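We just call them A, B and C in the order they show up, numbering each chain from 1.
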Amino acid sequence: MTNLKKISVRQLCFIIIPLFSVCKFYVLPALVSGVSLEGGWTAVLLSFIFDFIILLASIFTIKNLEKPLYNSSVEIFGKTLTNITFILYAVYFFLKAFIPLVEQKNTISLTFYESQPTLLIFMPFFVVAFYIVKRGVTAFARSVEIIIWLFLFSMLIIFALSVPAGSYGALLPLFNSPRKILAGSYSILLWFGDPVYLLFLGSYLKSKEKLYKKTIISYAVAAIITVFLVAVFYSIFSSVSERQYYAPIKMSKYSITLSNIGRLDYLGSVILSLVSVYAICMPLILCYDSINNVFSFKGDNVIIPFLVVFFEAVLIYFCQNEIFESIKFVQRYFVPVFIVFAYVLPLVYAFATLIHKRKKEKLNV
Amino acid sequence: MKLSTVLTENIEKIKSIILADDVIFYEFTACQKSAVMIYAEDLSDKVMIGKLVVSPLQNAQTLSNFNDFKKVVNLPESDELTTTEEVVEKILAGDGVCLVDGIDKGVSVATRKPASRAVTEPPTASILKGPREGFVENAQINMSLVRQRIKTPNLRYEKLTVGKLSKTTVGIVYIKDVANQKTVDEIKGKISKICVDGIIDSSYIIKNISDKKTSMFKQVGSTEKPDIFSAKLLEGRVGIIVDGSPIALTVPFILLEDFQSSEDYYINAYRANFSRILRLLAVVISIMLPAFFVASELFHLQFIPLAFLLTIVGSIKGIPLSPSVEMFVTLLIFEILNEASIRMPRYVGIAMSVVGALVLGETAVNAGIVSTPTIMIIALSGICFYAVPDLNETLSVLRLMFLTIAGFMGGYGIILLCAGLLTYLAGFDSFGTPYLSPYAPLNLNDLQDGFIMGFYAEQEKRPNFLKGKNKRRKNFDELEKN
Amino acid sequence: MFKRAKFYLIIFAIIFVNFLTLDFLLIDVEKTALIVALGVDKVDSGYEVTAQIAVPEATNQSTKSNESVIYARGDTLYDAVSEIGNRTGWYPKLSFCNLIILGDSVFEENVMGVIDFFVRSYKVEDSAIICASEKSAKEVLMSISPLDNISSFALSKIFVRDHNNASAILTTSIKEFSTQYYSPCKSGLMPKVKMIDTKDKGNNTSSASSLTTSTGANSNEGKNTPVVYDAETSVLFCNGLKVGEISGDECLFFSLFDKNAKDAYFTLPVIDNDGNGGSALISIKKSRGKLSLKKRNGEFILSGKLKLRIKISDTDFPQSMKEIATIGRLNEQMLERAKDYIEKTLYQTFEKSKNLNCDIFESKLKLYRKFNDDFSAHSEKLLDNLKVEFNVTCQNYI
């Protein structure tokens, strides 16, 4: 790994809180409510619990690896296998950015712009994405340290306006149908699997002090915010929640306060869109990083970030008219691949790390 | 070229190098030997030369060798000169040089008396409470103003000469152990590498030592006030004083510094905090307001409350320009007025403001060229613009960028520009210090002097991001002796 | 440096040219019809949509309601709304539309056929208030009110006044109505707007007949009589079909289970000091209500509890100085009478809704939430088998 710059555990936590949750705010609440009804929030909680196992596995791997992930992987699995895995992970990260990207494009076009052709409006996103990807992990991690406060501010606006509008009886009966909850959890699988990011970001950590404690707390904060949002969302919309895509924009407009001061809720939504820009760029940065690891480019590379972002733009261009079909397509065919990369491989890494560590300890003895 | 023992020969050599009528060659006799006192007429103090050099030499008992010569002219800051180049350099720096026939060495005497204005309050940093002294164009006076405030032997002043032709004195000022030695070395390295013909002002230094030379963001702090300069040295920054410039520089520089005013430390902490938040708000309004207004008017009508929207629609009826172009033209007029009024003589400037604000604004609205809300938005943005004067240059460019992108893409353009700008600033370092410190990376100790500042009594440590060796301000850790 | 400057210059030039031309179907604010209210009427071939537009001319004092109204027809509601744009050349902006009025003709069919559009569309906010009209929606929007020169603004005032408090006007939004429709109750209600002629003070019923149905913006100027609006009656819906109505008092007492009263009024029939029949205007100053479904001995009971703090605001018979001086206190007999009156009205409301198979008390929803295991077995016949207990406690406010 060349040009390894450093991030702190706190920065990693600040990445987790806003970026692990914001991508789940737009389509997910409506989708999970359609399947699990009032048990939507339980389904989301369940998904977070599944992810938590991967989070623990990822932190275990990070904590026990002395070298960056790529170097350790080469040591354990050999160069060829590591290169193949990293290339596949690059593809995985590339595709992982697709759903949040589609969500952002639709949020922008349907809620902010009524009559403008959205592709022209949306395409400059890729210029900014290229810049963010090119600047790398350090600048990204530092930006998120500002973003997190904006994120919390926007959540404050959204919750302050939406929580009083909810009718919380709508969340009853609690834990009604485990089958529906599981089905709901399965339907939103593609929106989860974020802890694998930590596995790759872990290579950049300068210190691993209190890693478990801090990441688990921040992950819990992200989970609480998301689950709470889904619960409030369902309590507001109950039987019509399936139709309410782009939840943050929809749920906070019922406050009577807005009749006096105008649509303050849009401010929250605008800030969330800014946070989303970073959430989309995270997998793209890791995609670039994975490729960079394999090919060991020296210095600041421009071509790879450009290609990563360019192909993402091409993907959006071709899918722009069939966005929901594209999501369905991804849901239909991508889930097994997703499970392998988001759940299986991090566990494999954790086990391999454990075995490798024990072997080393034996050798030392 | 070595000086010879023959005085006339030496005079001829020096005259051939300095072809200037303002360099005086005052010849006199000392102990029956011919001697010459050479000095620049406007730079040196004639009385001092007469009293301290010429008169003692004329009354000297013996002057057979250089030791006798040196004994007579035994003054502080007097140097032994052996070449004509050294002689010329000293003369042009304002020193007087004395040569005696039969001695192949000369003596320079610090008789500099450069033209300098009095120490006054700088017009760019006037305050209600606090010291009113400002730096002047003389590096020595400036340094004396700093020394008045920091009287430790650890206050270091290292002189470098920069500029092949200007030979400008650039002083690096820092407190040993309080400042990070790495930063000091980096600055020294960068300044000594500067290879230009002349340094006319400290801004030349800024442009030469900045890491990102094309950036529109300041990477070096500047101040005209010795109290601010001293406070920054005490925090652990390194100062640069340039002879000929009333603006002293400090590094490393972070964005937050522009939001800090010296007065914040002299007044009540509550008011200071309120002022800082106001400054931040003013900057956001200044940059974003015209952009948001145009974006809302063009793309997102739903962002504007209906009653206000109806007012806007009413006022723009019949305006021939589109909202974005209207805003752009108004902004352009504002910038022209601004540019003109800064450079105008003060009495003409007042007239210009009246013409700009009343005649142009009122007439334009009445003529239906621009609308009232647009004038109001630009005026508000313009007022906010001056809440943080140090950021003016950057803000005006940013405002234009945001306005253009808002007119082109609407609110999403503003979001994207914010993301790009934030990433740019987050990845930006000034002499190894992150530009958005202490917020990104977050440093809890350094938040004590952030947008919300703590009480001065509770600010125990120096900023961590400056990475100095001596960290405590309260319950002070003694500095190491030299 | 110069190369980079050139690059920046080119980028800036591209953006700036776009900035100046704005040549991508941008709709100017001046070419936008800011629709503040929509009226929907059913016509033979589809729908007629009447849009009230807030334009500066329409909001100044000299402009009358009917000057700011545009209407168009279409096979579907979307079609009709688009037709507004085609007719005027303006882009119809619906995000400011806060009021949807459904004309009487709409209720002949499932009303969700109309409301669907508002749930489906991102262009109109589902927080908009929805109401029924006694006559056609167009007539309401074309009417002139002394309260505001834009009829929808005048009408909105009566809806937003007590939005968060219990009142006789059961303000409903599109979201609330559709939520009830798609819930297990499949029922809903919305306020019904009546126009009251301000010149015909004796007639408390609609005087909309005095209006001339307009087909052109200025055709009936000067003929319209100023009206005020009344929405104290609510229309009941079951499966999207209009099934009946409930009166103002029924609405008020029903709303007490959902919202707290701040200053709600009802008229209580009382007997005066001389033993004659009279009436007293009672003000509900504070209220606390709870409506719950209980299961007792295998039977479901809908239990409604109300705790009210009330006072007399006025009577139609003279009272003694002592009575007036007690700042509106009700005697025991009157308190009892008020309690009986409210309970009787609530039972009456329940019976009415039960007979219409309209579950406005949301008993099926409560069954689903609280007794989910019994839901499939009992939901069908719940209303028929449901026992109801209303327990009202009235206390003097001071």
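One rule holds for everything that comes next: contacts are C-beta pairs under 8 Å (C-beta built on N, C-alpha and C of every residue); 3 or more make two chains touch, one makes a residue touch a chain.
The shown structure was predicted, so the numbers you read here are calculated from the model rather than taken from an experiment.
Trainee: A-B versus B-C: which interface comes out with more C-beta contact pairs?
Mentor: Spelling it out, more C-beta pairs touch across A-B than across the other pair.
Trainee: Where the centre of all protein Cα atoms falls, which chain's Cα centre is nearest to that point?
Mentor: A
Trainee: At what distance in angstrom does the C-alpha mean of subunit C lie from that of subunit A?
Mentor: Using C-alpha averages as centres, the distance is 42 Å.
Trainee: Which integer distance in Å separates the CA centroid of subunit A from that of subunit B?
Mentor: 45
Trainee: Give, as an integer number of Å, the spacing between the C-alpha centres of subunit C and subunit B.
Mentor: Averaging C-alpha atoms per chain gives centres 66 Å apart.
Trainee: Going through subunit C residue by residue, note those that touch at least 2 other chains and give them in order.
Mentor: Subunit C, residues with two or more chain partners: 26, 93, 95.
Trainee: Two or more other chains in contact with one residue: find those residues in subunit A.
Mentor: Only 116 qualify.
Trainee: Any chance you could list the residues of subunit B touching two or more other chains?
Mentor: 299, 302
Trainee: Residue numbers of subunit B touching subunit A in their complex, please.
Mentor: Listed in rising order, the residues of subunit B that touch subunit A are 299-300, 302-305, 308, 409-413, 415-420, 422-424, 426-427, 434, 436, 439-442.
Trainee: Which residues of subunit A touch subunit C in their complex?
Mentor: Its residues touching subunit C are 38, 110-111, 114-117, 120, 169-170, 172-173, 176, 237-240, 243, 253-254, 256, 259.
Trainee: Of all residues in subunit C, which touch subunit B in the complex?
Mentor: 1, 4-5, 12, 15-16, 18-20, 22, 26, 28-30, 32, 34, 36, 54-56, 59, 93, 95-96
Trainee: So in the complex, the part of subunit B that touches subunit C is made up of which residues?
Mentor: Per the touch definition, subunit B meets subunit C at residues 213-214, 297-299, 301-302, 306, 309-310, 312-314, 316-317, 322-325, 328, 404-405, 407-408.
Trainee: Using the touch definition from the top, list the residues of subunit C that touch subunit A in their complex.
Mentor: Checking each residue of subunit C against subunit A gives 24-27, 91, 93, 95, 119-120, 122-123, 125, 127, 160, 163-164, 173, 175, 178-183, 368-370, 372.
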